[in-house]
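Below, each structure is written out as structure tokens.
One chain, chain A, appears in both complexes that follow, with chain B as partner in the first and chain C in the second.
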Partner chain A sequence: MAAGATYEPIATTTFAGGTASTTFSSIPATYTDLVMVSFLRAGSTSSSYVIRFNSDSGSNYSNTVLYGDGTSPGSNRYSSQTSAYLTYYGFPTTASTFGTIVTHFQNYSNSTANKSFLSRSQNSNSGTDYLAGLWRSTAAINSITIYAGDTFASGSVVTLYGIKAA
Partner chain B sequence: MPNPTYKAIATTTVGAGGTSNIEFTSIPASYTDLVIKLSARSARSATQDFIQININTSASNFSARGIEGNGSTVTSFTDTVFFGAMPGASATASTFGSLEAYIPNYGGSTYKSYLADSVTENNAATAYTELVGGLWSQTSAITSIKLLSATSNNFSQYTTATLYGIVKS
Partner chain C sequence: MIGALVAGITGSATVPTSYESIATANAASGGSSYLEFTSIPSTYAHLQIRGMWLNSVAGTTLNIQFNGDTGANYKNHYIYGSGAAASAGVGGSTTTVQIGYKNSNTNTYPDAIVADILDYSNTNKYTTGRSLDGSDENGSGHVEMQSSLWLNTAAITSIKIFAGSGNISQYSNFALYGIKAA
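So, the complex of A and B:
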């Protein structure tokens, strides 16, 4: 049966096209973890997808990625970045074809530890990847801004969920 | 206050003798996304077996790209209806693998994508973890999902699969 009130939508952004970023602000601290589900297609060119927390544009972000394009797997490391990647392959431009990125943010509202996240994604034009990210800040996450390297195509949707522990 | 959004639509637990497939039919269109959680083991005489997906009784128009680690090497592959991996009958007894899949916008009019990660478990040097991104290049709403062994073996007794619906508001 239903899992109860442990998994709740906080906010959803549906893109009409031409937009390159959006912010989820005033994120309540009442959950344990956050999950962001992104269903995305790029406006014109295959697009990167990055995130910043609490409007921090300092060099406080890092990523480790494991990826595969169907032939060659690989791993990369990105440190001291001014934003963090949410997917290695970006998202597709092909008509009717959207990429899926599911990102988990653990213990996002604590004020003692740096914030980590884990993202899994698929871009049917390019490949599939696991990606771990770190924001070197002990501040509670109260806003999330996501950016497309190009734009988010019409029909793209991003939803932020809150998860509560028992 | 938002409403609860993660709801179980159906659960299947495999009985004695196993079953050749697990199928969710008459999936309601009232959710936004779907999630499948699977605890599975195969009757295949090997340490692992692989899981395929069919949508709306179709095994056509699928493409998938995956990455796989087996404890020593990492590979990347392409396939069609590939969904994940599970332990076979030669793996450690009473040990089941885990799979979670996310299927966004399953009722929409665009192509249907899925993201599935899975692990096999085995008390030996080799076990598998997989991440698969798949695409079903059809615009029909998803009304049924069938999971089956890629080697035509049975899912073993006590395999369980649950289909969840997610509502955004």
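So, the complex of A and C:
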């Protein structure tokens, strides 16, 4: 019944500093889901973290967000954006302080439905959040580009995994 | 080329062997009233359900039941983001565990789900779970976290997945994974 090991690393990027974006390209369609684990610190100013698929820069992205800052929770929505957020609070600039973001891309290679994804993150300087994202496209995802509002500081790491189903 | 266009370093990682695919369940072309994982082995420490689902009925939950138990033996709590406000509360159903929700009546926007069922084969305690789901619909949608309890000490051997109203639509798919302990 079990099909063996199914959670495989596809690619890892370790930043040396000064880079504002990176692309995971030629993502194979052989997995069922993708999971991206990000461990990030910003170069100089507290930074947003957004994503585009297949180089699509159209207004085809949106988010619904749930967040909490240690005092009160809240929820926001961002519609018809040119990229989608992966974290509400961004990631920190404080030395040795990294934000963690885990993003799930379900059924990323299907060509019949828009693409929904989930992202959970924490920024220890600001709060924790959970987002649903949408890319309004039925195309299979074959590349992912991630962008920092500032830059990814040295020591930041992003790994993309593929999960195979039976 | 699989890789990253970066000014940094591209590394590699070891392949884990503790996360295994057990089975998949896909909705039929005309939709399915339910999907089910059966004969789940007890050889793992935890289970995870991953999937996306579509439904043509607005305001519909996606639910699971264990081992065919349809009694009032389930408890749920949630925190919910509507895009305008956050809320939290006790789940309305005691006969199911809710793991998903669809705001709209279209089959355009999938609800993505990651649900964990912890220590599912332990017969000395009730079974707990948690799930994340969300579907943004470009102007509506939600995100939600749930916790759940099944008031039964039996090992879980089957999981039934079904919508609160209507069928699970075509192109919906779920996969069950097992996570091994050392």
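Just so it is clear, the second predicted complex is superposed on the first by the 162 of 166 C-alpha atoms of A that agree within 3 Å, B and C clash if a C-alpha of one lies under 4 Å from a C-alpha of the other, contacts with A are read in each partner's own complex, and residues count from 1 in each chain.
Everything that follows uses one rule, which is that contacts are C-beta pairs under 8 Å (C-beta built on N, C-alpha and C of every residue); 3 or more make two chains touch, one makes a residue touch a chain.
None of these values were measured; they are calculated from a predicted model.
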item: Superposed partners chain B and chain C on chain A - clash or fit; value: clash
item: Which superposed partner A:18 touches (first chain B, second chain C, both, neither); value: second
item: Touching partner for A:39 - first (chain B), second (chain C), both, neither; value: first
item: Touched partner set for A:132, first chain B, second chain C, both or neither; value: second
item: Touching partner for A:70 - first (chain B), second (chain C), both, neither; value: first
item: Which of chain B and chain C A:121 touches, first, second, both or neither; value: first
item: Touched chain A residues, chain B compared with chain C; value: C
item: Which of chain B and chain C A:10 touches, first, second, both or neither; value: both
item: Contacts of A:96 with chain B and chain C, given as first, second, both or neither; value: first
item: Contacts of A:159 with chain B and chain C, given as first, second, both or neither; value: both
item: Chain B and chain C footprints on chain A, overlapping residues; value: 1-10, 12, 66-68, 73, 75, 120, 130, 159
item: Touch list for chain C against partner chain A, complex; value: 1-17, 19-24, 39, 41, 50-52, 54, 79-86, 88, 107-114, 132-145, 171, 173, 175, 177-178
item: Interfacial residue positions of chain A with respect to chain C in the complex; value: 1-16, 18-19, 22-28, 32-33, 62-68, 73-77, 79-80, 104, 106-107, 110, 112-118, 120, 130-134, 136, 158-159, 163-166
item: Of all residues in chain A, those that touch chain B in their complex; value: 1-10, 12, 37, 39, 66-73, 75, 96-100, 102, 120-124, 126-130, 155, 157, 159, 161
item: Residues of chain B that touch chain A when the two form their complex; value: 2-8, 32-33, 63, 65-68, 74-78, 102, 104-105, 108-111, 113-115, 117, 131-135, 137, 139, 164, 166-169
